[in-house]
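Alright, structures below, take your time with them.
Two complexes follow with subunit A in common, the first pairing it with subunit B and the second with subunit C.
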Partner chain A sequence: MRMFSITEESLKVFLRELSLKHVLIAPFERDGYFEFDVLKNPDVINLNYTNTRLSPKRFFLPQRQLVFKHYPRKGFTEEPKEYSSFVLFGIRPCDASALSVLDNILLSPPYKDASYENRRKNAIVISLSCTKPMAECFCNVFETGPIRGMGEDLTFTPTRSGFIVEARTPRGVSVIEEFGKLFRKADGEMLEEYSRLISKVLDEMNRRLKVDKTRLIRIEKEAGEEFFQLNAQRCIECSLCSFACPLCYCFETEDCLEKDSYVRFRGWDTCISPLFTRMASGLDPRVTKADRLCHRFCHKLSRIPLAFNAYGCVGCGRCVSLCPAGIDIREVLKKWG
Partner chain B sequence: MSSPEIELRKLARNLLERKVVDLVIGYEDSEAGVRPCFIKEPGEVEKLVWNPDCRLSLVRYLRGFKEKKVGIVAKGCDGRAIVELIKENQLDRKNIFIIAVECNGVYKPVKYGSSKTRRQMAEYCEKCEVRVSPIKDYLIKSDEKALEEKIPKGDVEDLDWLSLFRKCLRCMACVRSCPFCYCTECSIEGFKPALVHRLVDPVELFTFHLIRAIHMAGRCVECGACESSCPVEIPLTRLYHELNEWFRENYGYVPGLNLEQAPPPLVFKEGEKP
Partner chain C sequence: MGLSPYVPKPVKIVRIKEETPDTKTITIGPKPFDFIPGQFAMVTVYGVGEAPFSICSTPSDNNLQFSIRKMGSVTTAIHEASPGDEIGVRGPYGRGWPLGEMRKRDILLVGGGIGFAPLRPLLLHLLENSNKYGRIAVCYGARSPSLLMYRDEFGEWMERGVELYLTVDVGEGDWKGNVGVVTTILDKPNLNKAETIVCTCGPPVMIKFVLKKLVELGYSEENIYASLESKMRCGIGKCGHCHFGGKHVCVDGPVFRYDEIMELPRGISPF
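Let's turn to the complex of A and B:
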């Protein structure tokens, strides 16, 4: 039995004890929107949020990180070693699913992403189910939510009488065991409410947008010029869609010269930028905006599924809502799904 | 449907049918919100809308259609931007048909996961004194005003800019949405010399925003394109407004009000102190 329950009061105690034993990252409100940060005081955690403005991917793939530092005079190279462990509480199922897709991509042999692996290995991910999805959300399309995602260790679902907790991994079970006295076995009534809730929220979302995701693979072959040209006119070539996306993992490196060392950093990059594929010779395989936009959607909906058996979009809706020019991935889904 | 919208569609159809313009840039409604649209056929004019959600300045799109004759839906600030760009030799007045729409302020966008759901008028619209474009080929009067809650004017000193810039993602949405950022290669994206490192660092971000602010002084028309596209809601126009005020005090110049007055950085006066 991996279903447990916890009351709202016990949840507060749980979070307080969690913040004492681990580094706790949880959502809180700042300047009119929610964001994740390391919290010393768990009282500021606010669970009345729809989702955080920016995705929590930066805790696993930081916007800028050190790759190595080389001291030519001393003749040694320094690399960051172990990363501290943390607990990510309150991540939505869609964002948690993005982590599981990233696991597929970045941790598949032979080339594992060492820093991602290190951070992921040391993190406990606790998700909080969505019972009121936003207008922009479409996680039902990729089956990454709204109640259960993939990638999380524990799933908390709010019900009328406290939270239902589902342990999804052995690590999740060990957390439950660590704080055993706060959790109880979920009773039949709660489990019934849980399954009712899953179908209720899913039905609600399916009424809004229903797409057959398996048909999306043909976008690669059928991507006509017209649709992307139309949207490319609108696109202002900022990097917002990729930076807000919980799944965009492309990076660039930059070498800096310091007093006595060379330093290499790596950080986020985006395929929407005209500089992304421009080579030193000046040659650019994706010259026009339409090419780049087409590439972004094809990569997410066709190439990642073919290579990694998972979709490159989790339906969080951030790119839809934040795009200054109103480019909508749901239109792509409706057209080719 | 409001009457300015009917008038706008009628005008756009007329312009396209008589081939006065090759295309009309306006706003359309979609599931993702109001967004720019590019109307090439008279049959498509029914898409056009006009409401207080039409916030993104369309002027930045004009540089993509330099050879064509373009009709553009312009608010007061957009018209000012066009004036300023004509003076900077970036646009040709002959090629632009300005459809001026009277603007009574736009909404601040309610973005992903906002805790506030009530609609507010944008702060830069509160400060705006130019409701109608200074140059126009056609004027559409409008009393579209669905603004429920006004927000108090903020001062530039009220904010801790360092911590605001620390939140910056360097997504370049402010640069890319700005009518005035027309450089083909942005100085802050260049490699030789790399003025600002491509990867984010708090100090570098501060440099980035300072470079941008200095470039905007005396040019910014406060259309709020940067501020409304910013994902972390940095109130950039408040900073640029302050710089504009300084410009007005020292040079007596307000950007975009008339085509005759030359921008001070382009004029040399004998005996002028640097």
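Let's turn to the complex of A and C:
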């Protein structure tokens, strides 16, 4: 049995003790938006949020990070480890699911992304179920929420009498054991409420948008650039969709000089940018904006599924709510799902 | 913990040779890794950047060579480098030419301009192991005679049995050879067409017409391979820049077979 429960009072103690023993990253409110960050003071943790504006992917794939420093006589040193280990508390199941998809992509042979692997290995991920998804959310389509995600070690779900806690990995179980006195075995009534909640929220979401995700892979062969012409006319190439996406992992590198060394950084990149594929010679295999949008959607909905048996979208809704041009991936899902 | 796969190895520039007015062939060594003809490496100029280049030396060489055309910031910095300078290199990456398929077969190499760079290690490897392969023919074209690379090696290639056919788009000086695009000389090699393995590299528009012409001439689609190029940042299938239609040029290529090229999206596929 991996189902436990914790009261609201005990949760506060749990978070306080977590913050003493580990680097704790949790949600809090800043300037009217919710963000994740390292919190020394667990009292500022605020769990009354639908989702954060940006995804928590930056704790695994930083927006900008050092790849190496090269010192003229000494050679190379690599990115320093920022945290020895950390606990990411309260991310939504969709964002936790994105990590499990990224694991497939970035840790697949023959090469592993060492920095991502290191951060992933040293992180305990605790998700917080959504009982009131945002209007733009559609995790039901990809089965990446709203109550349980993939990729988290523990799932916390709010109920009328505290939280139900499901241990999802051996690491999750060990956290429960570490703080054993704060958790109890979930009783029958709570378990019943848990399964009722899962079907209730899922039903609500299914009434809003119901898509057969297995049909989406045909978008690659059938949609083509023409389908994306209208969106291409609206897109202003701001790339918010990529940067806000918990799954967009493409990166660009940047070399520069420092006082005593040569350094290389890498940082988020976006296939929406006209520079993404343009070579120094001027040759560009992907010239039009419609081509680039087509690539973005085909990659997420067709190529990742074919290669990894998982989807490149978790339905977090960020690209929908942030796009200044009103481009809505749900329209693509409705048409091709 | 070892260094991440994104960290290059330091190597010294041994020689720099002016290959054509816009291309230099740099020799670096000793080589930090072995490779298969057709594979590429990521070359770093410290403080400037990193870019993918086909390895153009033979695998039996103790050094590595790259023929590099001055194009952007990294290639310009390499053109300005001197022997003795240190650069970074990591690799080898990608799928090379299908050596296994070539056993006992005739082989045709078709190159355009700087596109001969990934074909040279293959040609040299075939010549060093000529008892394992059939006849070897090369069709090589460039915009002008001065842009033909490896001109000083042509004589030796022919002495060692290569049927060499050259062409240029525009003649100059004392050029007495063929004038016209490379497709105009593709009918010249005397090979067993149905069984010949063809390897080609050049600008996309050349690859397009070469592939069409080869099929017209009776070469078999399943025996035709081309090496494609793309912007790359990692070389190992993670950065996303060379991802087209589910294939990564860096991992699934850069050498693709005819049918795989036909499956690629328009743009990266020359068709």
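To be clear about the criterion, the second predicted complex is superposed on the first by the 324 of 337 C-alpha atoms of A that agree within 3 Å, B and C clash if a C-alpha of one lies under 4 Å from a C-alpha of the other, contacts with A are read in each partner's own complex, and residues count from 1 in each chain.
Operating definition for what follows: a residue touches a chain if its C-beta (ideal position, glycine included) is under 8 Å from a C-beta of that chain, and two chains touch if they have at least 3 such contacts.
This structure is a prediction, so every number in the text was calculated from the model and none was measured.
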Checklist entry - Putting subunit B and subunit C on the same copy of subunit A, do they fit or clash? => result fit
Next on the checklist: Tell me the contact category for A:H70 with respect to subunit B and subunit C: first, second, both or neither.
Outcome noted: second
Checklist entry - Does the superposition put A:C256 against subunit B (first), subunit C (second), both, or neither? => result both
Next on the checklist: Quick one: is A:S281 in contact with subunit B, with subunit C, with both, or with neither? Answer first, second, both or neither.
Outcome noted: second
Next on the checklist: On the A-aligned overlay, A:A244 touches which partner chain: subunit B = first, subunit C = second, or both, or neither?
Outcome noted: first
Item to check | Touching partner for A:C271 - first (subunit B), second (subunit C), both, neither | outcome: second
Checklist entry - Rounded to a whole Å, what is the shortest Cα gap between subunit B and subunit C in the overlaid structures? => result 8
Checklist outcome for this item: Intersected contact list for subunit A, partners subunit B and subunit C 252, 256, 266
Item to check | Residues of subunit A that touch subunit C when the two form their complex | outcome: 67-68, 70, 75-76, 78-79, 105-106, 108, 110-115, 118, 220, 249-253, 255-257, 262-264, 266, 269, 271, 276-281, 283-287, 291, 295, 298-299, 302-303, 306-307
Next on the checklist: Can you tell me which positions in subunit C touch subunit A when the two form their complex?
Outcome noted: 1, 3-8, 10, 44-51, 71-75, 88, 203-204, 229-231, 233-234, 236-241, 243-246, 251, 265, 267-268
Checklist entry - Which part of subunit A faces subunit B closely enough to touch in the complex? => result 29, 31-34, 48-54, 63-64, 134, 136, 230, 233-234, 236-240, 243-244, 252, 254, 256, 265-267, 273, 275, 317-318, 320-328, 330-331
Checklist outcome for this item: Within their complex, subunit B touches subunit A through residues 30-38, 56, 60-61, 64, 111-116, 169-173, 175-177, 189, 197-201, 225, 228-229, 231-233
